[in-house]
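To keep things simple, chains are lettered A, B and C as they appear, and every chain counts its residues starting from 1.
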Amino acid sequence: MAWLFVAPTLFLLLAINIFPLLWNIYLSFTNYKANAPNRPLRWLGLRNYERLLSNEDIWASMQVTARFVFWSILLQVVLGFALAWLLNRRFRGHGFWTTVIVVPMMLSPAVVGVFWTYLFQPQAGIFNYIVNFFYDFGDFTMIGDPDLAMWAIVLVDTWMWTPFVMLICLAGLRAIPEYLYEAAEVDGASSWRQFWTITVPLVLPFLMLAVLFRGIENFKMFDMVVELTSGGPGSATELASIYLKREAFEKWRTGFSAALAVVLFVTVFGVANIYVKLLNRVKER
Amino acid sequence: MRRTFLTSMALSMGLAAGVAQAQEKSLTLCWAAWDPANALTELSRDFTARTGIAMNFEFVPWTSFADRFLNELNSRGKLCDLMIGDSQWLGLAAENGHYVKLNDFFEKEGIDINDFLPATVYNYSTWPKGSPNYWALPAMGDALAWVYRKDWFARPELREAFRKEYGRELAPPRTWDELMEVAKFFTGREIDGKVRYGVAIYTERGSEGITMGVTSALYPWGFRYQDPEQPYRMEGFVNSPEAVEALEAYKALYECCTPPGHSDAYMVANLDAYKSGQVAMQMNWFAFFPGILKDEQVGEVSGFFVNPRQNEEASVLGGQGISVVSYSDKKDLALQYIKWFAQPEVQQKWWALGGYSAHRAVLEAPDFPESAPFAGDFLEAMSNVRDFWQEPEYAELLQAMQRRIHDYVVADKGTAKEALDKLIQDWTEIFEDAGKL
Amino acid sequence: MSALDQARSIVEPTPFSRRLAAVVILVYALVSSIPLAWIVATSFKTPSDAIAYPPKLVFTPSLEGYVNLFTARTRQTPEYLASLPPPETWYEELVRKRNMVITGPSRFAGRYANSLIIGFGSTFFAVFLGTLAAYAFSRFRIPLKEDLLFFILSTRMFPPIAVAIPVYLMYRQLGLTDTQLGMIILYTAVNLSLSVWLLKGFIDEIPKEYEEAAMVDGYSRLQAFRKVVLPQAAAGIAATAIFCLIFAWNEYAFALLLTSGLAQTAPPFIPNIIGEGGLDWPAVAAGTTLFLLPVMIFTIILRRHLLRGITFGALRR
């Protein structure tokens, strides 16, 4: 009976996830090209992996990904926590404002990317207009400048996902039992001290959970950035997923990109697993 | 809750039925979303009127054109019955059986491929190149050329200022050096109270933009893809001193004379910059020129010139042939369309509506050069066009070039020589993988 | 009771800090709403107002963006336009003013319909299968339960592009590329992890005793599931369904790679709405507005369950 209930789900996941994954691993050892299926298939052994590890472009795109993940998450954690802390004052109407703030994260990232290209336009765009309203930087272009483009994608990602971190932190703050503060108050601890000895440690597991989710999501990031910068200028914002898409579906180097996909799987999986262990240790404390 | 959910399910199913219910006899033609596509829609009305076959169109913007439709072909999709695909796709499409070979059909229907301009037949129809194996009928001749603001070039005060600065008359440039001067001259200049810029050139990263742009500098400088004696030997050709110079010139032009934020621009962005009066000149395909002439704002004041020479004369080839997709269920209907399209009267109307016929009856007519302000330029450009690699590995080769060139020109990484050296490495690897080296 | 109230007041924020917090939050909410407000405003601009420099804050609203979104048009010469009978509808009139005529409907409605069909179809299956599996995971003893659950969750960690490579090849073999069915199956599979995890949480909250009582009364297990558990879990199922729907609605990578003209959904289509010459920003903005509107409404409906949904049920409130 139990299996009857679970079987369809497991079957579908096996068919759409596991079988393709195995196929993908098999392909990663071959020279297969999906746009030239008639070409004789050759077994390459570890050749694709060797090439991949000695490829500077992949290394560069990994660096870009790491930089993007780091800065976007840092900003989101700081902003998200601050907002949650403020919202926890429970002023009148905080429920309504929470909903308003949360809207961006529910939107389609690709569509968000498209309309931010419009907001970032150097002359007609509202972003430069607002920035120059406060301090006149003259002409600048967020997505056309190799140094600013990274900040453009970090900014948009932060705009979208700060509410996510905020919601999770808010849950953490609300889970702190009041008596801890009461006890601290009785002991005469300053509010600064209360913040560091009660609030921060107790919210930390929640914050780490938020970082886990955002980390995985941003490591996979594709849609928003493709529409916003398409990896440019040059390869300044070419994240691992974008690089993979180009190899797999523009250059059609299926075998090689299958190997890259495997490396990405292993990376996410490995890092996420280590991180979850760490998270559990923090929780236990 | 359940009821509303079911209602919406029912509603969406109804929509699905509506979409699925198409006309009995119909064809879908796939092409890019641009001005000539509208002309083709117009032209095709005659076809529907004569045969009763309804025409559907799937037009995709150029920036996702190759991506979408190569994917469509590679996944053996049935969306398109007819495909107006890029010249460089022929190798891939022929070797993997995406297109129907048209030789027998031409013979049966008495279509003589020699009625079309040889350069277009070579580039848009044959694979292997130059062999009598035809995979498409030349549909749309095209090349890269330039548009300029005739009214600004004619202003006495500007002409005076230009003469003072450069010691010659302000005129449409004939060499890339002159182009650079004119572009510099207009950049930052205030005309009618607004700051203007010199040129809008292609800098797009995602598809083929910057490659098309930069090759229109590389070719006139004398760039060659490979050793004519030894195929696929690129060292000393792709990175020749001329190539380096041309690439540097293109970057210089980008840096000095394009409007702010012109870092990911292809056809549409150039048109925008030009039509809104931001720039004095733009590079673009001939395909857009009829539309520019009709434009409310700039129609009257636009002039045209062929890609400037430097060491030699050369233009970048655009244009496409029309092919029958072999995965289509309606190949016979699709062939009927091609048969209809190949007729001289239809080709004449095609040109009149704003399409670029490649038919000799149209192009070699004595009054052709006078039939439009850019018609003479078009013939001139088509007489020395060059194309990108047409190998089946075209997509890989193009992506490699997009990356290396954009990294150098827009993202300001490394030197021109380094960019081209890296490009040779990438290309060598691709040819090695394909077993050609 | 009153003693407790008094104890609370020690840690209650002061009125001043409350007001300060309210002001900061208000400012953030307003600033973060600018992009969306600007897009909605742009959808009511004319194409030339949309690219005006400096940006126009005050403008005469126009429905041109929406008209352009839903129609295909061609430019004509004034002579030809003069020869036409006068326009019959307000939108034809609007288009004529730009020296153009409407040649037919655009593809937007079809793409939107695809989004609806694929969204609702995959949501239905994901929730249906998910409810069954979640019930089993919640109530039965299943060997390796934790591992299976983790496996189900882990399918969500794969980068979509990486999954797309083999799925692309598989769909090509099966003829599922660019079909609504193919996309429904794919999105169902992707959404299953979310629906199983969320629903397991909801069902865990329903006391077992209810079903046990029902079964004592002579209900079979299936009947108890249908008549006792399902009604109790209805709110949770609805929330899960909306989350699945939003995911399918917003998905881009698979849609980009696996669909083309027949089953393409709105997200890969919206960036491709181009007008004559340039990108038609009012039309893009109009498409964006119409596309985002349902999600905004759903967000308001869902606000109580948001946290749960975004953390796969890991956090509840």
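Operating definition for what follows: a contact is a pair of C-beta atoms (placed from the backbone, for glycine too) under 8 Å apart; a residue touches a chain by one contact, two chains touch by 3 or more.
It should be emphasised that the depicted structure is a prediction, and the values quoted were computed from it without experimental measurement.
Engineer: Return the chain pair with more inter-chain C-beta contacts, choosing between A-C and A-B.
Structural biologist: A-C
Engineer: Using each chain's Cα centroid, which is most distant from the centroid of chain A?
Structural biologist: Using the mean of the C-alpha atoms as each chain's centre, the farthest one from chain A is B.
Engineer: Take the average of all CA coordinates in chain A, do the same for chain B, and state the distance between these two points in whole angstrom.
Structural biologist: So the centre of chain A lies 37 Å away from the centre of chain B.
Engineer: From the C-alpha centre of chain A to that of chain C, how far is it in Å?
Structural biologist: Computed from C-alpha means, the inter-chain centre distance equals 19 Å.
Engineer: If you look at chain C, which of its residues touch at least two other chains?
Structural biologist: In chain C, the residues touching two or more other chains are 51, 168, 172, 257.
Engineer: At which residue positions does chain A touch at least two other chains?
Structural biologist: Residues 34, 121, 123, 249.
Engineer: I need the residues of chain B touching at least two other chains; which ones are they?
Structural biologist: Only 71, 74 qualify.
Engineer: Which residues, counting only chain B, touch chain A once they are in their complex?
Structural biologist: Those residues of chain B that touch chain A are 67, 70-71, 74, 92, 95-97, 205-206, 259-264, 392, 395-396, 399-400, 403, 406-408, 410-413, 433.
Engineer: Over in the complex, which chain A residues touch chain B? Could you list them?
Structural biologist: Going by the criterion above, the answer is residues 31, 34-38, 57, 121-123, 139-141, 143-146, 229-236, 246, 249-253.
Engineer: Can you tell me which positions in chain B touch chain C when the two form their complex?
Structural biologist: Per the stated touch rule, the residues are 1, 5, 8-9, 11-13, 15-16, 18-19, 28, 30, 33, 35, 38, 41-42, 58, 60-61, 64, 68-69, 71-72, 74-80, 268-269, 271-272, 275-276, 288, 291, 294-296.
Engineer: Would you tell me which residues of chain A are touching chain C in their complex?
Structural biologist: The touching residues are 1-3, 5-6, 8-10, 12-13, 15-17, 19-21, 23-24, 27, 34, 83, 86-87, 89-95, 97-111, 114-116, 118-119, 121, 123-126, 129-130, 159, 162, 164, 167-168, 170-171, 178, 181-182, 185, 206, 209, 213, 216, 219-220, 222-223, 227, 240-241, 244-245, 248-249, 254, 257-258, 261, 264-265, 268-269, 272.
Engineer: What residues on chain C touch chain B, complex-wise?
Structural biologist: Touch list, chain C to chain B: 51, 74-75, 77, 99, 103, 110, 113-114, 116-117, 120-121, 124, 168, 171-172, 177-178, 180, 234, 238, 241, 257-258, 260-262, 272, 274, 276-279.
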